[in-house]
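Contents: one structure, followed by commentary.
The chains carry the letters A, B, C, D, E and F, assigned in the order they are written, with residues numbered from 1 in each.
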């Protein structure tokens, strides 16, 4: 449950809102539940609200871990 | 103007209304504007209200007058 | 200077809007069809100007026609939207002298419409199709949100094959031709009006809704060269005759005394200030044929149950103004014009 | 005991009502058509179960089909109700392998509809018909009271001639056959959704609305024996494949990785919690043919501008349960079922 | 239909027509105005002109309440109907009368205004009772026939304490209009007599026309609306004219008495009072010719509850209705007739309903121009 | 789509799957419950079971707020929507959930109830502001993700002084449900670990599951909703189980922190308080598992403004959801599955949305029964 997508903040709008983009699709969302979001950040958007920023470094680390498992397997 | 039809009163209804009939078509009308209407009378109905009773004797007299004119012409 | 009797003002497309008169089968609808639809779609078949198009296919001559049914109420004395949707389209096929072959049916249903009512309509369509000897071979179902429809709309389309040598068309009325109708006028229109609560009257009148292909088959057998066949539906006899007069470039002379109208239909129209000649029919036709064939035609019509009350009601005349005139029963003469606007009950 | 995988509960005709799911192209609609319409109208042509009926006429084999168009908004990115009404019906004719001949058009117009919009739609229809090489030969206009329609509904019906030896039909898919699509899936559905204010997103996606008769002509020339042609409109690829599987009594195996979907369509569906395989197409087709002819078919499709992105997406298999299965791009497997209910945006 | 069919008999008609033909003097003309649209309708629909000698000419009067309603009042009604809180109820006839800019109540409805057709005033009261959240305005229109039902509707609304029912009153008075026509006499006017109202007279009685007949020396014959009634009345007028009389005679004795319907008159008098002056389309302002609600029923007066523009909107400059209504010109003499001005797009009052002089000629009589 | 496509890579998937296959012990089984419907969805839609060894079995938990909404609450919502003054706004998912007698909000709408789909709570507030004459009720539903937006909507309505906006609150709490499942342990129950919520954890933080993990000795891995996230989390669970650990681990570090979103938590705490107990469809009443509006916001509480029946309506007697949710039975074990009970006519919570255990199997997995 809780369908949410990681979307790129492309512009900040009045009233604590932002324009976000997901693979060529544009939408708007509220930033009322998050702090210090800047253009270029990715946010997790759910029912029109950003629930959090996405941590790019952590995403890389997760992918690195996955690659590590995969590499180990490929080697095995 | 003032489309009105001579209709036969076929039944008296509550609230000073009546069922009327015109050549096989049944409708209802208000009797609030007329007095002493009985089943079997003809009334002149306009926008759902009987405006008067139709005087059958006078109707006969008018037709007699017309017939008289016509007879005179036919004879001429 | 143009003859004023032929003048019409152009549709105001930039600022205008569709209103009920554009659907009532009268002058406004004819104009909308002419200036907007026919102008855009122009092709030899549409330009025939009939209620169906006739065209050649490898094996012969075929006709195709479509009609939308938006009748309210859906169930009325003498029929329902289902039987009507079959009869209406079968009749438009038959009016080309054709033998109806197949129908399609498109349903636009308003959300919330009871399945039981839908079944009743569909069963009635099936029965009507069976009786008319046609099959409903393909269909479509759309559902629209509540408040964006009116229970049920049905659009049926029909095709049929025209027997060789038969080619009735609205543009073939010729001066001297006899004008015939297959029965009483205005039954359907009055039956529908009798269901409207706000009109407040009751009658025993039933809609005349019926498939006329059997009658037409008998008629074209008797008179293959019949000039015009058309069913006087929306706008009634008056409007349909004006359409034909316009298409053929002729005038007409009717005899009011010869036009069959039921007493109750006359009475209901009297009550509402309407004219039975403008009331819709769904099981009647107009036939126009050479005067010398009219006797044979009338006999063929009267021999069929749906033409029992057939009558010759007048003749086609030369008239550059294309007026449909009528000798009144009372002894005078008047124009019987197109329906103007909608048929609204009058108080005056 | 019946196999549970084939079970469906009967329609509750006595107490039920039509709701939006009955029009959304999914299981509920299929059931309504089967248990209510097909049961009442039963005839060999309707029983073919295709989006059009094919029948013999003296000069050859003909098809006939009808569709109602109730799209909202009337004007959308890439088209409008007018062009759609032409494309949709031309395509249903073409899906029989036929050459479309003539169309009819029935208009149901809501009182108050601007004439300028009507003209825009009608002009667009005329242009679409011209481009597709068909004529709109007959029509009908009805006007309904304000609040009893939704601006404009159009029902078009089409007929066409089937070239000898060509006979695609939804019941002809055979185990081993290749399944092809002519291009990207879901464009029309997403283009329409992008216009809905309450869904709150924007894309550059245009409807793919197009007449496919030219593409089909090239395809049947290349592979006259093509088994099935069908356009995956309402309910999308998923539902249409299930229909075919059901009709032919077969299963299917799709390869998700081979199904063409635009990135923006995927993204929009991601945002709404929807699946592009259930989103409508109006200018795409599914072709099923013998495996050994699939190369020739694909080449013919790709040589046509409307088949540029054509792909083979899977094959027909034997399966008494008629499941449409898919190997996911991720490496797993799943059923691709009929659409259940309406495609409503999800929060979870 | 008893009391209808007898008065449409073609054999009698032929003979009465013959009598008229025999009695008219060949050396003079008879210009007879039928005031009522009901008579215009009968004359057109039954083709009575064909039964009359050439020197008897029927001039169609202003006698259709729909036609005489000024454009400004239609505009006001449309403005009322467009108020979001208002449901406007009225008779079918009124719905297609165009106001300014070709807009009608029918078109306003198409654009979303809540306009409902009723066939009876009490239906409007019922709609008000059933929709307490709507302001229901009854657009009342008509001569003395339709006024008593409106009066009863107001009384019923008062009895039920309906706070959401009002009347936009456009009831007008026939005798004042006849006086207006006669006193507006101008050069070329030549009216020799009047076919007097049928159902209006049922309510107000035949004596109501005595002052006009006496003052202007024109005969009046109160006539029924069936075609034989009209023919007989024409014969009666021809006889009066030939004999130099100018009396009020009553052909429609089966429904009209000298005094009319006292009960209906009393009902009207309770609810309504005369306006100082009221505008008639085609005739201009006529003193004491319209009704308004009395102060005691102010709560049911739409003109007091809602702002009403009350602007006077002139007809097309080229419109000849005024002179046509006075018998000076004929419809074909108007250069707008059947081109700019048609029943679909009327430019003046005479083209508005099928009972207007120009519309009746357009719809039923144009073949005579050929 | 960045941060989406990378986590759907099939080559990585094959290798992670191979790692799982290598690391599982052939002598035991791994019964893992994904609590969230989001995970159920990913598992079904991407066909993850095909990538797992036979002895790793995924048990679909109750984690779809639509599925766990009791029938009685749907009935209450329908009753609200049918009130003539009410416009009921809600998310698309809820609209087709059947209440008693197969009626749903979608069907109630078909019958004339004013039901509107929104994709965001603030849209409901906007509808209320634009329709002052309507009582706009927002049917709020969801776990901890959807609750903060509802809280903001209530605050916005209060700020705008909207007297016509209320919330029919059905927000529920995830950790309580997990506790409920674990403490309702019965014979046959065999859960070895949990794939923990993704977006819920974004809000509440991974630490929220520590008590459950500790108390019941079951490992929890907070997992993203992409299929690679799920595979990786399964690998992490297999390792914990193999190593005898029962910790809360976080696979979804790119969005989940230990503490979660404090701002969102504070917002929720301001508007809502915990109900003593709330009914979950399929699980029964669970203490402190639901939210209601605080006294300070009583004016915005639909349960206080309107009469609510509040009846508890049992599922079909034959429904096995309870045991299925606890991993004791599988959907095919229920004799109603795919005959009486289908996604079109669900008899129990697990069949309600595509994320329910029975519906997911019906929609995506039935071919495996063949």
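As a working rule, a residue touches a chain if its C-beta (ideal position, glycine included) is under 8 Å from a C-beta of that chain, and two chains touch if they have at least 3 such contacts.
On a predicted model such as this, the values are computed, not experimentally measured, just so you know.
K.L.:
In terms of touching chains, how many steps apart are chain A and chain E, taking the shortest path?
P.N.:
Steps on the shortest route: 2.
K.L.:
On the document's contact criterion, could you list the chains that touch chain E and likewise touch chain F?
P.N.:
Common contact partners of chain E and chain F, which must touch each of the two, are C, D.
K.L.:
Steps needed, at minimum, to get from chain A to chain C via touching chains?
P.N.:
Steps on the shortest route: 2.
K.L.:
Chain A and chain B share one sequence, so how far apart are they rotationally when you fit their Cα atoms? Give it in degrees, rounded to a multiple of 5.
P.N.:
Result for this pair is 180 degrees.
K.L.:
Do chain C and chain D, two copies of one chain sequence, contact each other through the same residue numbers, with over half in common, or through different ones?
P.N.:
Mostly the same residues form this interface, as more than half of the numbers used are common to both chains.
K.L.:
Tell me which of A-D and C-F has more C-beta pairs in contact.
P.N.:
A-D
K.L.:
Report the chain whose mean Cα position is at the greatest distance from that of chain E.
P.N.:
Most distant chain from chain E: A.
K.L.:
Among the chains here, which has the CA centroid at the largest distance from chain C's centroid?
P.N.:
Here the answer is chain A, farthest from chain C.
K.L.:
From the mean C-alpha coordinate of chain B to that of chain C, what's the distance rounded to whole Å?
P.N.:
Roughly 36 Å, centre to centre.
K.L.:
Could you give the separation in Å between the centres of chain A and chain F, each centre being the mean of its C-alpha atoms?
P.N.:
That pair's centroid distance is 22 Å.
K.L.:
Centre to centre, by mean C-alpha position, how many angstrom separate chain D and chain E?
P.N.:
About 59 Å separates the centre of chain D from that of chain E.
K.L.:
Out of chain A, which residues touch more than one other chain, so two or more?
P.N.:
Residues 1-3, 5, 22-23, 46-48.
K.L.:
Give me the residues of chain C that touch two or more other chains.
P.N.:
Within chain C, the residues that touch at least two other chains are 17-20, 111-112, 200, 263, 266-267, 270, 346-348.
K.L.:
What positions in chain E touch 2 or more of the other chains?
P.N.:
Residues 1, 4, 37-38, 64-66, 91, 109-111, 119-120, 123, 142, 146, 355.
K.L.:
Once the touch criterion is applied, which pairs of chains come out as touching?
P.N.:
A-D, A-F, B-C, B-E, C-D, C-E, C-F, D-E, D-F
K.L.:
Provide the residue numbers of chain E that touch chain C in the complex, in ascending order.
P.N.:
These residues of chain E touch chain C: 1, 4, 8, 10, 13-14, 17, 37-38, 44-51, 64-66, 91-93, 95-96, 106-107, 109-111, 116-120, 123, 142, 146, 227, 337-340, 342-345, 353, 355, 362-367, 369-370.
K.L.:
Quick one: which bits of chain C touch chain B in the complex? Just the residue numbers, please.
P.N.:
200-204, 263-264, 266-268, 270-271, 273, 346-348
K.L.:
Which of the residues in chain C end up touching chain E in this complex?
P.N.:
2, 4-5, 7-9, 17-21, 27-28, 198-200, 257, 263, 266-267, 270, 272, 275, 319, 321, 323, 325-335, 337, 340-342, 344-348
K.L.:
State the interface residues of chain B toward chain E in the complex, per the touch definition above.
P.N.:
Per the stated touch rule, the residues are 1-6, 8, 22-23, 30, 32-35, 42, 44, 46-49, 51-52, 54-56, 58-59, 61-63, 65-67, 69-74, 76.
K.L.:
Under the touch definition given earlier, write down the residues of chain C that touch chain F in their complex.
P.N.:
111-112, 146
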